[in-house]
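My questions will all concern the structure given below.
Labels run A, B and C following the written order; every chain starts at residue 1.
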Amino acid sequence: MNSRIAHIASNTFREAVRDRVLYNLIVFALLMSAAAVVVGQISIDIERLVVINLGLTAVSLFGMVIAIFIGIGLVSKEIEKRTLYTVLSRPVRRWEFIVGKFFGLAGTLAVNTFFMAIGVFVALLYVSHRFQNQAGWVLVALYFIILQFLIITALTLFFSSFSSPLLSAVFAFSLFVIGSFAEDLRGFASMTQGTTRWLATGAAYLVPNFSALNIITSVAHSQPVSGQLVLYNSAYALVYTAMAICGAVLVFERRNLK
Amino acid sequence: MAAIEILGLEKTYSIGFWRKRPKHALRPLDLKVEEGEIFGFLGPNGAGKTTTLKLLMGLIFPTAGSARILGMAVDDPRMKAQIGFLPEQPYFYDYLTARELLEYYGQLSGVEAKQRWFRVNEVLQRVGLPDVGGVQLRKFSKGMLQRVGIAQAILHDPKVVFFDEPMSGLDPMGRREVRDLMAQLKVEGKTVFFSTHILSDAEALCDRVGIIHQGELRGVGAVADLTSSVHGKVEVVWQGTTVPASLRALGAECHVTRDTVRAMLSEANQDAAIEALRRERLRLVSVTPVRTSLEDYYLQKLQPANATVGVGAKA
Amino acid sequence: MSSSRWVTVIFSVFLAISLIASVLLQRGVDQLRTGATLEEVLYISSPQALKRLSLGYDGLLADIYWTRAVQYYGNKHHDGARRFDLLAPLLEITTALDPQLLVAYEYGANFLAPQPPNGAGMPERAIALEEFGIRNNPNAWQLYYNAGFIHYMELKDYAGAAKAFARGAQVPNAHPFLAILAGKMAEHAGDRQMARMMWGTSYQTTKDINVRANAAAHLRALQVDEDVTNLEALTARYQQQTGRFPSSFSELEAAGMLRGTPRDPLGQSYKLMPDGSVDLRTPDDFPFIEKGMPAGYEPPVSPKILPSD
């Protein structure tokens, strides 16, 4: 069972690489280099700020785009192209297929982020000429970004298991935007009454909480992150990802392939 | 133990948005295929052949009924390790090379790492693609993809093999090779279940056939039985254009083409006819027993449903 | 089919568990992060840059910041806070993103300017906010009113208030009170009638329930102050006439000084104390009062503002 999941995961990774996804790293590298050079000319202190803000935001956005664009094809493309037939006629359980796909894409994003992180640190080094304790917090921010990727990947996989690529992309992107304001959503919900309040609160808790995982601004200002928050966020991301994958499996188990 | 056992397998779709109308893709099907057989599943397009195969592969779920392959349920991974499937007009991951695809499928089918390399090469050789292992599948022609499809179906040495229209996309040379391969599979003791609408292939290869039309099984039987000469006629061919009166007296139906005559008469009059020709000094070309072709049987079974439903469920 | 059933069962259970867990964890995260999102406004040194970054969705972003501002103030006020550090940046960002959001400027006048615990105690910043609003909405009379209001209430700058009201009175369709307030400012600056007029104007013209409730509370307080002043004047006169303080309001009635039992704005009767002072029965219901408080009365940390009528 595990080896099959591993094989599916590595094949998914291979597909992403051959799809020339990793070329985005070149664009990213260019962006970071340009920013670092340009910003290096401006006054001191703000350069670190800009590099961290820009770098982390770029990592986050690039990754989101990749996650969504590859994620939507994970299942639906295979069904449309019928490459799935010869896979499922083998001793591969449907849920193994879903889980394998997830790990493949998550792995791709992790590798991608790793290279991007190097780019950010190089740019940071260039503008500030030495590492500071800030670098540690930047790592935490990157870790949180990877957690965000896990969540969005699982969500896109979930949507991909039953709807078309375009709709999956729309849903996933909407949840990304709404999730970035999840805390505000809960605030709104607490201001309503009655049934609306129940529904709004329910929706507010169901939506992925990206706002708690977005610490780019505070890290840019060298604010520390509590270890407890790291723990809670990790657990939350894990649990939410599991939830979305379970949903994907349950849908896919019963799906008649065309 | 039967290799394939289908009991009352049924698939109904409801189509339409508001008032759902049922579409019977497959009406309750009962079928049994023994081990070591080559079974041909014949029918026109849209008859339900692919639906049946997809139900057997667990790609779609039945509305009713069940099926067992090698005595195991359709979703049992142990069973799937022992079957191979070639879908109609197969697609594969086009970013992989042929060898990579077969390696990957081998991994999924549980072929051990040590054996994989050998098996992959062996099977590529067998399907006639020895040199293109390193070429990306997106560059393969339709015929080559079909061969890869067969390769992935037999790679892990399965006991039962399912082919959906295996000859599609192949030129006559390719079709011959596939026919030979399928015959070879039978010699190796495998069971082959394939669907096709090309009757000559079925006639040449199959032990038994089943005929399906509009989702319903219309007839099942051994090819030999179905094509036995039930009519008891012979066809006599001779050179020349004259039809001797004696032959006409025997009740021959004659058909004259440029310089040969073909005559059909009952088997009982065969010797008398030959004698008549000898007397007239006409040159005999051939004497052939006339068999009901599978085509006749097939077309007969395709008639509307009030025709006979089955020659018998077992051979 | 049983292995498929197993899969369904197992994954459904996992789904349920992870759903519950995700809700619980989110609550935990919220605890750890109270106000963290809001504190990020402190890092937005340039609201204008934010406006550019919002790629044309500044209206929506303004609404989000506005809602955050309302919640922030409401929560802080409810907890009896003495510092409202984030209110000014929140309002400044809101108005930078959407300069036409007039209610934000109203909040500036009513909740940014006043001293804690009712406000952030930043009248100068509030004035700056109103001026920004005026630059972007020169024909919105409410903004001149707000500015004048702050000058009068918090800065005690009666000349400045008069000037602001006068400017506002010249705007087409200005509320008629602006001219009146400008005119009366010279003679009546500092007296209760002026304050009452201004709070009355606020009460009538605002569309925001929080601002209206606040104005109502102030009006009630002014009423109490006036009542208590008048009643204590009566008890003093009684004492002069009879040599002792009245023991109940009916004695005052009998002496022809009063008609009926005096009641506070919420309908409860006042309490007549032996030393001639008049107290409220439920002083907690009346924030902002300056008179009528029982001896040794400490106003509650978080003043209770009743929902407006």
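Rule of thumb we're sticking to: a contact is a pair of C-beta atoms (placed from the backbone, for glycine too) under 8 Å apart; a residue touches a chain by one contact, two chains touch by 3 or more.
For clarity, every value in this text was computed on a predicted model and none was experimentally measured.
The innermost chain, defined by the distance from its C-alpha mean to the mean of all protein C-alpha atoms, is A. Between A-B and B-C, more contacting C-beta pairs join the chains of A-B. Chain A and chain C have centres, each the mean of its CA atoms, that are 43 Å apart. Look at where the CA atoms of chain A average out and do the same for chain B: the two points lie 49 Å apart. One simple way to say how far apart two chains are is to compare their mean CA positions; for chain B and chain C this gives 86 Å. Residue positions of chain C touching 2 or more other chains, listed in rising order: 3-4. In chain A, the residues that touch at least two other chains are 93, 254. Shared contact sites, meaning residues of chain B that touch two or more other chains, are absent.
Across the complex, chain C is touched by residues 93-95, 181, 183-184, 186-188, 191, 205, 209, 211-212, 217-218, 220-221, 226, 228-229, 232-233, 235-236, 239-240, 242-243, 246-247, 249-250, 253-254 of chain A. Contact residues on chain A toward chain B in their complex (touch as defined above): 3-4, 7-8, 11, 14-15, 18-19, 81-93, 254, 256-257. Of all the residues in chain C, the ones that touch chain B in their complex are 1, 3-4.
On chain B, the positions that touch chain A within their shared complex are 54, 57-61, 77-78, 80-81, 83-87, 90-93, 95-96, 104-105, 107-110, 149, 152-153, 162.
Interface residues of chain B facing chain C in the complex, by the touch rule stated above, are 73, 75-76.
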